[in-house]
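I'd like to ask some things about the structure below.
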Amino acid sequence: MSNSFGNLFRLTTFGESHGEAIGGVIDGCPAGVALDLNMIQTELNRRKPGQSKIVTQRKEPDTVQFLSGIFEGKTTGASIGFMIKNVHQRSNDYSHIKDSYRPSHADYTYDKKYGHRDYRGGGRTSARETANWVVGGAVAKQVISDIKINAFTSSVGDIFMEKPYQDVDFSKIESNIVRCPDEITAKKMIARIEEIKKQGDTIGGTVTCVIQNVPVGLGEPIFDKLHAQLGKAMLSINAVKGFEYGSGFCGAKMKGSEHNDIFNTDGSTKTNLSGGIQGGISNGMDIYFRVAFKPVATIMQSQQTIDKESNIVQMKGKGRHDPCVVPRAVPIVEALAAMVLTDFMLLNK
Amino acid sequence: MSNSFGNLFRLTTFGESHGEAIGGVIDGCPAGVALDLNMIQTELNRRKPGQSKIVTQRKEPDTVQFLSGIFEGKTTGASIGFMIKNVHQRSNDYSHIKDSYRPSHADYTYDKKYGHRDYRGGGRTSARETANWVVGGAVAKQVISDIKINAFTSSVGDIFMEKPYQDVDFSKIESNIVRCPDEITAKKMIARIEEIKKQGDTIGGTVTCVIQNVPVGLGEPIFDKLHAQLGKAMLSINAVKGFEYGSGFCGAKMKGSEHNDIFNTDGSTKTNLSGGIQGGISNGMDIYFRVAFKPVATIMQSQQTIDKESNIVQMKGKGRHDPCVVPRAVPIVEALAAMVLTDFMLLNK
Amino acid sequence: MSNSFGNLFRLTTFGESHGEAIGGVIDGCPAGVALDLNMIQTELNRRKPGQSKIVTQRKEPDTVQFLSGIFEGKTTGASIGFMIKNVHQRSNDYSHIKDSYRPSHADYTYDKKYGHRDYRGGGRTSARETANWVVGGAVAKQVISDIKINAFTSSVGDIFMEKPYQDVDFSKIESNIVRCPDEITAKKMIARIEEIKKQGDTIGGTVTCVIQNVPVGLGEPIFDKLHAQLGKAMLSINAVKGFEYGSGFCGAKMKGSEHNDIFNTDGSTKTNLSGGIQGGISNGMDIYFRVAFKPVATIMQSQQTIDKESNIVQMKGKGRHDPCVVPRAVPIVEALAAMVLTDFMLLNK
Amino acid sequence: MSNSFGNLFRLTTFGESHGEAIGGVIDGCPAGVALDLNMIQTELNRRKPGQSKIVTQRKEPDTVQFLSGIFEGKTTGASIGFMIKNVHQRSNDYSHIKDSYRPSHADYTYDKKYGHRDYRGGGRTSARETANWVVGGAVAKQVISDIKINAFTSSVGDIFMEKPYQDVDFSKIESNIVRCPDEITAKKMIARIEEIKKQGDTIGGTVTCVIQNVPVGLGEPIFDKLHAQLGKAMLSINAVKGFEYGSGFCGAKMKGSEHNDIFNTDGSTKTNLSGGIQGGISNGMDIYFRVAFKPVATIMQSQQTIDKESNIVQMKGKGRHDPCVVPRAVPIVEALAAMVLTDFMLLNK
C-alpha cells in the first residue's frame, strides 16, 4: 500500500539507494499516447545528482529503461515497467551508519519498525526514490499535455523571492542552477548555499508550484479534494514539513471581506486567494501552492548521536550530500503534481 | 471513492445540510471495544452549532443514533452504521443561492461539475458533514485510548497564542468558548470574533494539535507517511488552506545544525523539530501540527457576484453562519487525527 | 474493507438481522439520474421474505428510505445514504444459538474471529444484508439502463431447466414463485421445495444470469477481468459454492476446435462459448453465468452440535427460514451483476 | 488498478510476451523473512515453457532477478522489485495476427478497447504474465510457511481422477509431467494430450487445490470472503471458466440434512462439504477448490476468422503453444492461493 501513488493513474515503486536498480510500474496510462522518451530523460536530468556545484556530487547517469507498455512509440494501455540502474554507489561511505542512527534521519524509526534494514545510502529512505516519481510525472505530463505545471525555488533560508506568482516568468526557471526565476534573488540563493556548504552545514527552503490551464471540475468533494491530494503528494517528498495553497497560512489572518474572490461574468475571479480550488474542486483559475523543505539532516559537522546499543557516539556526515535539496526538488514537485492531476483528469473524462 | 476516509479503519459518509439526515458507516472497528456513547455525544456537542455566542445560531441537537455493529454495549467487528437527523433546517434562507454563486464558496464548482445540486444550506458542501467525522473520530479515540490527542485554537486573525506547545495546559482548552488554553489570549480572541461579527464579517485562524503517547513505528514509508495522511486529513476540512508539522514553514529557514534533533540514550530526542515523525514514521516523541483556516466565505455584507446566466447580482449572506470556524474546528481536527492514528495502529498491530 | 463493494460505483453496507435497521451508502452514482424509487421498491419486493409459500415467513415490509444524494427526484453526484428498518424481528427465536454453534453456519467462525457477536438471527451473517445489495443494484440498473440483466432459477436439487439460455423467455421469470421461466419445470421445482419443507429439510439450486446489450470493452485485463469481478460478486452471496461463465466446467472437457467461437464479419461470433468475455473484456455478445447455492444450513430437524464449552448438544432450527434460497436469490444475483457492470461502465466512460 | 493483486500483500506486474522483460513489485512483504531464492526459481521451473513434451516448446530460462527489498538474504519490509528477461521470443511467428483476430482470443477485445496493441505473442494478454504471479506466490509461500498449499491436475478432457482429495498423496504431484498424483490416471492424461497435440488440437481440464493447516478466522465477512477472493484470483488466470469450493456445483443438488458438517467437540467437523470456509471465514478444516480451464484457443488447424477490415480470412496457429494448459497451471493456482492467504494472514496478525 505504501509504495503506490494514485488511483486511476497509479505509480508503484521499488528500489534502494545502493541496490542494483530502482524502478516502478505505471498503471492506468491511457493507450495511444506517443511518448517522448527524450523529454522523460530531460526531466530526470533536472533531478539528477551531480548536475551543478550546489548539489550532491554523486554521479548517476539516471538513465531510465522502459520494459513494457510501449509499442511502436505509443502506449498500449498496458502497465509500463521501468528501471533506473544504480551505477555510482559507494556503499563503504555508509559503514558508519550501520549501527548508529543519524540525527533527524529515518535510521532509528526504520530500525524500530522493521528490525532489518538496508542502511547503505539510507536504503529505501533515500530521496533517490524520487527519480522514480520523476519518471511517473514525466509520463503524466504527456498524458495531460494541455495543463502547464511550473515549479520553482521561492526561498532558500531567509532569502525569499517576493514576486507574486502572477509576475513570474517561468521561462527563466532553468536559467540558473538554483531554479529561481528571478536572477538577482537566484544569485543570492546560490551564494547562500555555497556559503552553507563551506560550513559543512545545510539549509532549508521552499518551492512554489503553479498549475495553469486546468479545466473546471477536477477534484472530488469531501475526502479526495484536489488540494488534499496535492498536499498528501507534497508531504510524501523527503524533508517536507509544510504545504499551503492559495492564501495559505496568510489567509488565516484575513477577514472574509478581504479574502473572498469576486466573480467576473465569465466565471473567472478578480482575485485568486482561493488558489484555483473551491470546495476541493478546480474552478479554472491558476492553482498555486507552496511546499516547505527542512534543511538536509546529514551535515559535515560532528554531531552526537546513539548507536543500536544506546551508547553515545560522535558522527560526522560522509558520502555525498546536498547542502540544500530545494533546487533538485523542483522537478519532483512538478512530477507529483502532474500525477495528481492526471488521476483526476482520468476520473473526470 | 470521495466519501470514504481510511483504509483498515474506514469512515464512509453521506448527507446534506438540509436533507433528512447525515450519517455514515464505520468499517474496520475491532470487536470487543466497550463504546462509551456519552463520550461520543460529548464530542458532538463540542462541534455543535449554537453552543455559544461566537458560533452559528442554528440549533441542532446533533443526536447520533447507532444502527448496527454494537451489541450489548460492545463492538462486534461488524460495520457500525449511524445517523444524525437534521431538525433545524431553514431551507428558505437559501433560496437566494438557488441560481447565484456565493463568492469563494463551492456553489460554482459543484454546479459546473455535477450540473444538478442540492443548494439548500450548501447541500453536501456544508461543513455539517464534519459532524459525521466527529462520530468516527470519537469511536477511533476509544479504540486507541492510550494515545492522547489535544487540539486547540492557536490563532484568530492576527492574535496568536505564542506559547510553545510544551507549555500548554490542555485541561484549559474547554474552559473558554474559543478553545484557546491561554485565558488572556482567549479573551482577546473572543473579543475579536465578536467585533468581526458585528461588522458582518468573518475571520480566519489556526488550530494546533498535539498527539502524545504515540508508539514508535506508526506510518508507512514512501507514499503513506504518517504526516502525509495527517496532512491529507486536515486539508479535507472545509476552509483549510495549509498544514505544517514539527518545525513547518519555519524549518525552511533553518540550518541543519540548528534543526537536527539530537538523541538521548533512550531513543528520545533533546529537541523535537521533527514533530515526532522521521521518514514518515513516528519516533515516539510528541506529534504536533498546525492547520490554517481561511475566513468563512459567507459574510453579512453585500457582495457582487454572478448568477447561472452570468448576470451580475448583489448578494448578502442569509442563514446562520459562523464568524470564525476555528473554535468548532478543534474537535474536528482531533477526530480526523484519531482516525488516521487508528488506521495505522491497526496496520501495525 | 470488507463491507464495501465496487470501485467507482461503491456500495458500503451495515446492519444486523435483528438490529434496528440495515442500510448503506452508495458512492459514485453519477449526477442527474432521475431515480424511479418505485422500481427500487419493486426489486426489494422480489427479494422480500414472506412473499410466497416457498420462502421464509418472516414478514418484513423492507421499505427503503433514502436519506441523501437525491434532490428534486434526481441524483446529485453526492453519496446516497439509505436505510431499511427491521420491524419483524423475533429475537427470542434465537436464544438457542446464543451459546451453541449451528452446523455449517458462520456462528463458529465469527465467534472465533471476533469473540463477541450479535447472535440474534445470525446478526451480520444473515442474508438479510442482501436487501442492501438489492437497493444498490436497483440504483445501478437505472444508471446503466441500456444493459439488460435477467437472472432466473435454473435448477432446484436435481430438477434442471435444460433449455439453452438463448431459448429462454425472460418475461416469464416473474410468472411463478420459483422464478423459473419454464412453466413445467417451475411446477416441478415448487413441488420439490414444498416436499422438502414438509420434511423440515432444505435444498440447493442454481441461478443463471444473462446480461444483454453490453458494449464491447468492459473489463480490465489481468486482475480485474470482467468475469473475475462477476465471480467475486456472486461468491459473496450467502450459500454460494460455485461460479461458472460461458462454457464453464463443461468447457474443461472440450477440444479447442469445438470450443472456439468463430467470428462473423461484424465482430459478433457464431457461437458464444466464451460467454461474452474474451481476455477479461466484454466482446459485445451476451454474457451469461451460473451460480451454485448449497442448501440452507438451518433445518427443522434435530442435529447434533457443540456449544461454546465444547459440550455436545442437540439443536433444531427455530425462527423462520427458507427451504430453498434460490427463488429469492434471483434479484440478488441481478443486483450484484448490475453493480459490477456499472463500475466498469463508469471506468470506461 | 487492473495490474495489482492483493491489499496488504500486493503484487503489481508488467510485461508483454515478446517485450524486453516481464516483472513486478511485491509490496507489503514483512521484514525479516529469510528468502530461499532457489525455491522461487524451482517454482518458476514448474511453470516454465519447454519443460516436457506435453507443453509449449518455447525455451525460456525464466530466471528471476531481484532488484530491491532484500538485504543480506532477508526481506527488509521495502517493496521487492523483480524482473524476468524474455530471451526466446520469435516475434515473426506472430505477423499473421497483426491485423487479424484469433478466434476466442483477446485480440479483438483488446483492439476495440485500446486501439493500439502489442500483438507479438499476444502481448500483455499472454499467459507469460503468470510467471510474475509464480514469483509473487513463491515469496508468499515463504511468508506463510506453516500453511501447505498443493494443487494438482484433476481432469484432462473427460479423464478424471476420481479420488476424494483426502486420499491424494501430494508427494506424487511432481512425479509425472501432467501433475496428476494418481499414476494410472496420469498416464491416460498424458496419452490424451499427446493424441490431441498430434491432431493439432487442444484440450481443457481442471486443477484441484488443497490448502492445509489454515488457522481459524481468515477471511472477511460480506464482500471479502475468503472463498470470494480465492475465486476472483482463480478467475484471473487465462482460460479459466469456472470455480467451485467445497461441495461446489454438486452441493446445489443436495439437501441440508446431507450437506451440513457436524461438529466434533474440538471444533473440527466430521465431514467437510463446507470446504474449510463458513460465512467467508476459515474454520480450520482443509480448504479445497476446483478450477476449470477451457482448451487453449490457438490450434494448429485452419480456422476461419476476420481481419481489422472485417474481411474473412483463414488462420492457422503458428508459434509454440500448449496443447493443454493444465499441467503448467498447477503452480499458478498455488501461487495465487498463496498470495490470497498471505494477504488475509497479514490482516489477521
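Each chain gets a letter, A, B, C and D, in the order it is written, and its residues are counted from 1.
We adopt the following convention: a contact is a pair of C-beta atoms (placed from the backbone, for glycine too) under 8 Å apart; a residue touches a chain by one contact, two chains touch by 3 or more.
The shown structure was predicted, so the numbers you read here are calculated from the model rather than taken from an experiment.
I'd like to know which pair from A-B, B-C or A-D copies the C-D interface, where a copy means over half of the contact pairs are the same by residue number.
That would be A-B, since it shares over half of the contact pairs of C-D.
With chain centres defined as mean CA positions, report which chain is farthest from chain D.
Checked the centroid distances; the maximum from chain D is B.
With contacts defined as at the top, give the pair, A-D or A-B, that has more of them.
Looking at A-D and A-B side by side, A-B shows more C-beta contacts.
Chain B to chain D: how many Å between their CA centres?
47
Distance between chain A and chain D based on Cα centroids, please, to the nearest Å.
One centre to the other, that is 39 Å.
Please tell me the distance, in whole Å, between the geometric centres of chain A and chain B computed from their C-alpha atoms.
Whole-Å distance between the two chain centres: 27.
Would you pick out the residues of chain C that each touch at least 2 other chains?
Chain C, residues with two or more chain partners: 1-4, 7-8, 13, 78-79, 113, 124, 221-222.
Tell me, which parts of chain B touch chain C in their complex?
Result: residues 1-4, 7-8, 10, 12-16, 19-25, 27-28, 31-32, 65, 67-69, 71-72, 74-81, 83, 113-118, 123-124 of chain B touch chain C.
For a test of understanding, state which residues of chain B touch chain A in their complex under the given definition.
Touching chain A from chain B are residues 1-5, 7, 13, 101, 103-106, 108-110, 112-113, 124-125, 129, 155, 157-158, 196, 201-206, 216-217, 219-225, 227-229, 231-233, 235-236, 238, 241-249, 251-267, 269, 273-275, 277-283, 292-299, 301, 303-306, 310-312.
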